[in-house]
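Order of writing sets the labels: A, B, C and D. Residues in every chain begin at 1.
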C-alpha cells in the first residue's frame, strides 16, 4: 500500500482538483509540466544550488541533549529554523519560483497565514526580480507584524484579506480569485500541501529534501536511516509532508502528526482538523476539513497563525483515515509551555507552530532507546511578542 | 610583517591589558589557559560539533548574481546571517562558553549593543544550563526590542546600563564592574575583538572559522583561495577579524573595513573611530578611540546599535595605522539604502550593521573580474522597525 | 422535456438573473423569484450561499455572507422553494459550490431538486471530468441538467468535451475573472464570442460575467442565446431592495436609446 | 623625602579620604582639601574624574559625571591646585584613570604634579607590569610615588612583586569589588587582612573599599597602617555639602561608643 499520490492526484479518498473552470488552464498547465520540468537536469541543478548556497541547506540534524535527558529518550531536531527566512517554507518557494520562471510567468501571488510563506515567497521574487503580491488575513497581519514588515522590505505588496475570519483560509480565497483574474502571466505559489492537484504533490516533493537529508544524517549519527518516530506539526501539512516523505511507505517508522487544539478540542475554538473535520472540498481539494453540518467552512482558532487553517492536505487526511499516522492535538497553553521549554533547555526559540510538535513529549512517553526526529519547522522571531505577552516576560 | 597579535598581546602599538588589579586574576587565568584549552582535541571536537549541528555551519558563500550585475563585479556574500541566532556573534559565544565550562565557571555575564551578542550569549547559556546576565544600554534596549525579548525567552536577565550614553560602551563598563564584583565563579563573554588581552585574540580565533571556510569555499567556486577584496563592517571588529583572519598577512588580498559615519564624519554624530579617534585606553585595551582632547571617552552615534561604539579592536587600529586595510565611513542614509537594495535585489534583509559594509559598492568602483567577499554579518529581523520607519514602508 | 431545454427553443435572446437565496432578507427568496418572472426574466439562478465562494467577487461574496448570517441553509432553501412551482413556471437553476451539496449528499440533493421542481444546477467547483465520471448518472436519473462553464482560456478540445457532456446550455464566462470583476466588453470578448459561435456547438451558449445593462446584454447576445446578470442585480437589490426589480429587468430588456 | 613616606612613619593609624575633584561644585576642590586637612585627615586622594570609571560603583561614577558636567578637566585641576601647597601640607595623591593622563602626556602630567606639589598617583587601570616596564623611570625622575592595589584574589607572588615595585604604601582593596559595592567586613576580610599582615611586606598597607565609619575604620586598621574612605565621603558631600566635613571626619576618627 502506498501513501503517496496516485496518477489521478488522489491520496486514497482525498485530493483531486475541484476547481472552477476559470482555473482549469492554470492547473492543467502545471499538471502537464511539473514532473517534466522538475526532473530536468538544469532544474535539479539550480534547485540544489540555491538550496545549498542561498537557503543554507543541508539543515543540521541536531541531537538535543538536554531535551533528550529531560524526557529520557533520544530527540533529534531537524533544524529548518536555520533556513534562510527562518522556516521550511522556503524549500517550496525556491522550487516553485524556478518552475514559474520556466513556465514564463512574470507575476507571483501567494497566500500566507503566519507570514512565513509570504516572506519566503517575497524573498524568492526579490531574488528573481519578479513582481509579488501576497494575500494575508487582516487578523494575521496584526498578529504577525514582523513578517509583514519583512515582506514590505522585500518589495512585495501585502493585500489584506477582509472576508470571513480574515485569516489563512480567506487569504487563500483571495489568492485564488486573483489567479482567476490573472490566468496567463501569474503563477500562484501555494504555501502548503493543500489546494488542487498537483499542488499537494508538488509542494511535498519540494519539501521532501527534508526527509532526504534526515536519512543520511541519521545514518551518520546513529548508523541507521530509520528513526522510530517522526514528529511534525500540521497546518496545511507541508513541513510534515517533507519530514515523512521518504518514510511514508515504511511502516516500521512511526509517524506523529500534531494539530492545534486551540483552547481545547471541545471549546469551539480549535483548529484540530482531523478530529473535528469531515470529508469535504476546500480550496480545490477533497480532504478533511472543519465545517458545519451544512457544509459551510468553519472559522478555526489557534494561537498560531500558521496552524489556524480549517483544512489539512489530502496526504494527511489519508494518513489519518488509514491510521498510518497518529494524530495528537495540542492546546495553545501546552504549545506555549513547550516553546519556552525548548528556549531555555536548548537555546532555540521555536515558532509557535513548531512548539505544538514539541509539546508531544509531555503527552506521550517514549522509550529511552527510541530515536525521534522532530521537524523544527521554524524559528520564533515572528512570535516573540506573543510569547512575551503570554508569559508576561 | 605580521598583523596578528604578538606574545605580549599587542598588534603593533595597540592592545595589551590595561585593567584594574581587581580584574587581574580573571584575565591572568584566561591568558594562561585560552591557548591550551582551545588547542585540546576534546575542545576542538566539541566546538566543531556545535558549530556544525547547532549553529548550522559552514555558512554558505553565496554568489550574489543580481548585486554583482548591478555593480559589474563579482560579489560573494558570506552568509553569517544564516547562523543560529542570526549573526556571526554565536561563533564566539560557543567558543567562550566551552572555555568557561572548562574553567569551572557557573555564571556568565555579557555586554550587548545590537542585542545580537546578548542573544548569542543567552543562547549558549541556555544550551549549557548556565546562569546568564546581559548588560545593555537603556537606549539600545529601546531600539532593539526584538532581541531583548529573545534574551528573556532564553532565560537571561537583561540589566539596563543607565550611565553615560546608555549604549554599548556603558553596557561594557557595567559588565566589567560585575566581573570585578564576581571574580571567581563568573566568566565575562566579551562580544567583540575588544577589551584586554587575551580577549581580542581569543574572539578573533573563534571568529576565524569564517575566513577558514571562505578559503575552501572560494577554491571550490573560483579555483582560488584568494579573493581580491574582503569587506566587513567594524563595530568592535569581530566579524571583520573573522573575515580577514587567514588573509591578514597575505597583502595580495585587499582589506576594506567599514565604519559607521552616523550623520556624517563632521557632524559630531558619528561612530567612525579610525578617522575620528586617537590612541587611548578603552575597556582595558590600548587602541584608537573617540575621545575629547582631555581623554574623556566621547559618546558616539550611529543608527546601528552594533556599530555605536567609540573604540575599535586593537587589531583594526593596527590595520588602520599600518595602512594594511582601507577604512571607509558610511552614513546612516547610505547604509539604509544599501540594506533596502540587498533586500530587493537578493531577497536578503541584512542587519543595519551589515548594510554599512554593503554600501561600499556605491562608494568605490571595482573591476569586473574582481572577486569580492562581503561578510553578511547578520540578518535584519532585529532592525525591521527601523527600516520600516526610515523608508515609511 | 426539461424546462431549460424548452426555454432554449424559444426564438428569443434569453435573460437569466442570478441572485443569492436569503438576501437581502432570509424570506425574500420566493418573492424575488416571482417578481423576476413577472418582470419578464427567462430563467433564474438561485444562489445557495457558501462561506468561501472563491469564484465570486466582493458583491456576491458579501451577499452570501449576509444570507448565511440571515440563516440561509440548504434545508431552509428547499423549504422555501417547496411550493415554488405553484406560482412560477420559468426554468430554475440552483447555483452553489460543491461542498454544501456534498454534505447534503449528492443524491439526496438531486432528489430534493426534482421534488421542488428545480431544473438544473451550476456547481462552479465541480469539474466536468469528475461530474462525468462520478455524478452524471445520478443527475440524469433525477432529470437534472448540469451546466458547465467555459472561459476565453478554455481549449477547443475541452470545449468540445464540455459540449458533449452538456445537455442544456453552456455557460460562457465572458472573461477569465471572478464575478463582478469587469463590466463591459472589449475586442477580446467580441473575438471570443465570434470564435465560439463559429464552433457550431450542439448546446446553445449563454454569456455570463460583465453584463449589467441593456448595452452589454445586446453585445453579449449578438452571437449567443442569452445572457446572465449576477453582480449587477445583487447591487441593485442592495441599493434599492426588492421594490425596483421590474424596473431593473425592463431597463435591461428594452434599449433606452431606441 | 616624599610627604607620603614621611606620613607613613608617623606612629598612628592613618585616615585617607578620597573625593572627586570638581564635585559637588567645580570650585570646591581646594576648600574640600583644606577642610579635610584641618579636620585631621592624614592624606587625601584627589579624584581626576573620568567618563568611564569602570572600577567604581554608582556613587563615585555619579560624582565623576557631575564633575565633568561642572567643567572639571586635567588642565582645570592643575590650575585649581596651583597654590595648594601654600595652605596644605599633608600628602596629596591624584587618583585617575590612565587615559586622561595618557592624553595629557605621561611626562607632562608628572611634571605638573611635581610643580603643584602632588606626592603620588593611583591609576587603577595602569597595571604594575606596564608601569614597571614603561613608566617607572619617568615617575621616579619627578619624585612621584605610584600606588598599586592588591585584592583578596591577588596571588602571593604578585603581592611580592607589587611590594618590590612600590615605594610608598600598598592599597589593599578589602574585597574584590567596585568602590562602594560593600560596606563592612566579614570573616573573609579579617582573614585576608591577617594573611597580608603576616607577609611582612616592605611597604605598609592602607585598606580601601568598604570603610564608612569608625567601626569599619577600626576593623580595617587593626592590622594595617591606615584606611581610605571614598564612597561614604562622596555620599556625605552629596547629602550635606561641604558644611559637615569636620563632623564626618571626627565621627570616623573618634569612636562614638566609649
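In this text, a residue touches a chain if its C-beta (ideal position, glycine included) is under 8 Å from a C-beta of that chain, and two chains touch if they have at least 3 such contacts.
Remember, predicted model here, so these are calculated numbers, not experimental data.
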TODO: Touching both subunit A and subunit C: give me those chains, sorted by label.
DONE: none
- [ ] Would you mind checking which chain's C-alpha centre is most distant from the centre of subunit C?
- [x] D
- [ ] Between subunit B and subunit D, tell me the centre distance in angstrom, where each centre is the average of that chain's C-alpha atoms.
- [x] 37
Task: Between subunit C and subunit B, distance of the C-alpha-averaged centres to the nearest whole Å - done: 67
TODO: Averaging only over C-alpha atoms, locate the centres of subunit C and subunit D and give their separation in whole Å.
DONE: 97
- [ ] Could you list the positions in subunit D whose residues touch two or more of the other chains?
- [x] none
TODO: Determine the shape of the graph in which chains are vertices and touching pairs are edges (line, ring, star, complete, other).
DONE: line
Task: Chain pairs that touch, as defined at the top of this document - done: A-B, A-C, B-D
TODO: Spell out the part of subunit A that touches subunit B in their complex, as residue ranges.
DONE: 52-54, 56, 59-63, 66, 79, 81-84, 86, 122-127, 129, 146, 149-150, 152-155, 340, 343-349, 380-381, 384-385, 387-388, 391, 393
TODO: Flag every residue of subunit B that touches subunit D in the complex, lowest number first.
DONE: 16-22, 24-25, 163-164, 169-170, 173, 176-177, 180-181, 183-184, 278-284, 291, 293-297
Open item on the list: Considering only the defined contacts, which subunit D positions touch subunit B in the complex?
Closed with: 50-58, 61, 65, 68, 73-75, 97-104, 124-128, 130, 148-151, 153-155, 158, 173, 176-178, 181
